[in-house]
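Going in written order, the chains are labelled A, B, C, D, E and F, and every chain counts its residues from 1.
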């Protein structure tokens, strides 16, 4: 099981697609930095093909900075920095997509 | 009339599309740096909708560095640094896409 | 400064992840101070710069939305947003601060034509 | 160094435009020197790193293709290329140096699973 | 007590972080710092931070951000002091980009040096060693 | 002769270049130099080069690339010397990134300074002035 972090906004389709295609069963995805915009309702379709076993997270300070805390879909669990560390521990490895 | 330079490779679809959509009649496009890969035959479709009056150039030192001088489509005119300067003079302005 | 060149600044990047949005805003404000006419176009991820109510303290940066709100005080009121980008991002102009004018591809080509200098960030 | 962690390096960027390709290669060679098993995956624009016969003197850089050719001397022979990326770029494996193994999405997920550490460039 | 030790050793992870991004240009330079601070706060251990590519500018002694913005190099220095961290700046990436310690400044006959205290120039071997001995390696990319 | 003068004044353009990219990380730092050299070789004039964002590292006096790679800051210095160029490094972008001249080093009580000879720290007004008086402004982006 791997934690994947994604820090690129949706217009970087190549990076976002690469990341999403790399997600295997029971992996976790954490959107960070500009990556958090993918949690907005307008990008729902990107995530349609993911296995149900993939868990979705988003870094709260990055949502807040960008003024979209109230706008993101609730399939994404907001976490803080401590939660990011915890996820990195819970999974076997961390893959950074940027 | 504007000279547009593009330095991003085709996987940066957002940048490439933005650049191509911005090309107006009689504009010129110069592919530089990683942008030169778009001159390979595999990316021909990207350029299908351009007006015939748009002229297409590619920076020769960048082709050579990447080992693709012999592989690019011949609708692209290879130019050197002096040719780049000349194009910038011939057009009213230069728009850099990156 | 005598020559009144018209400057178009194109913003394609999301705020905060990279410094581009901030760098661009600083150039726009300086154009305003020196009374060089400047228009701003937001496209691709740049449209996210127009979502209001930022709170960037938690990531150690300054709020850009506050600075954006100050643009009219510098006589910067020509703001445009790419309607195709809005659609791609699932946004409406009503979601945006600064009330930009939505423009299509032809209008963007026209903007580039009408300005003397185009800067991209 | 006792622990023999298996390292996967994923290369997504074209050579020369940014320093990523070179930075990645330097890490791979160092893994080789220190006998840490390393595999390389080339995807997206990273597949262009595998086009041979570079001549980067005109842009003031060192040829990466020469260094790539030296990988086997460092016992780095696990090279993979994303077949979807090749298709998108209009390339065939026969266009590529270093004879990488073409892999699909499932095989890429498997590669990530099988390695202990994944680095991206 | 035995249970406590077992639980503790199971919970405590050894991390290595790779920072590829330049401070003040990419947010990930800041994200990396916050991650480091948080993992240390939780009692994990940070074996090494390896600054690579434009990340080498994190080691600048001369960075002078405005008073109301974080001084990223100084925050790393403080964290290193509080937790005896090993902050390694890739020597090959650094010298070409103008980040030098006294030794390298002498070697290249340069008029000064600018590597901040608490950072150390060293080679990629330090990265590979860190990967080999750490439970988790994370990259913060540009 | 009149024709020659007319033709010459028509042909000679005034350029301003904006460099946003860091040397050794992005090729556009090198492309910008080659463009500058080529326009000067052709008899055009270069009103100003404005180094912005990570481009400010071009002004480093400490950059020490290997012997067989170009020294990008030195090449700009040489070009500036040969053609009396105005190389302006954005002061706000530079000081936060650790590129300081003697003045700024004093202001921030830093142990040294690293702005290379031939470069000058100044504000964005220099960019706007340059845009206003130049025939062509080109950005070399990261």
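The criterion applied here is as follows: a contact is a pair of C-beta atoms (placed from the backbone, for glycine too) under 8 Å apart; a residue touches a chain by one contact, two chains touch by 3 or more.
None of the values given here were measured: they were computed from a predicted structure.
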- prompt: Moving only between chains that touch, what is the shortest number of steps from chain A to chain F?
  reply: 2
- line: Outermost chain relative to chain A, judged by CA means, is F
- line: Ranking chain pairs by contacts puts first E-F
Message: Centre to centre, using CA atoms, which chain is the farthest one from chain E?
response: B
Centroid distance [mean C-alpha coordinates] between chain E and chain B, Å: 39
- line: Expressed in whole Å, how far the mean CA point of chain A lies from that of chain E is 25
- request: Determine the centre-to-centre distance between chain B and chain D, using the mean Cα coordinates as centres, and give it in whole Å.
  value: 27
Statement: In chain A, the residues touching two or more other chains are 7, 11-12, 14, 33-34, 61, 93-94, 96, 98
- line: Going by residue number, chain C touches two or more other chains at 12, 16-19, 44-45, 59, 61, 117, 120
Contacts with two or more other chains, residues of chain E listed in rising order: 24-25, 27, 31, 34, 53, 69, 93, 137, 139, 141
- line: Those chain pairs meeting the touch criterion are A-B, A-C, A-D, A-E, B-C, B-D, B-F, C-E, C-F, D-E, D-F, E-F
Query: For the complex, which residues does chain B have touching chain A?
result: 11-14
Field: Sites on chain C touched by chain A in the complex
entry: 12, 14-18, 44-45, 48, 51-59, 61, 65, 85, 88-91
- request: Report the residues of chain F in contact with chain D in the complex, numbered from low to high.
  value: 24-27, 30-31, 34, 68-70, 72
Of all residues in chain D, those that touch chain F in their complex: 16-19, 59-62
- line: In the complex, chain E touches chain F at residues 22-25, 53-54, 57, 60-66, 69, 73, 93, 95-100, 104-105, 107-108, 110-114
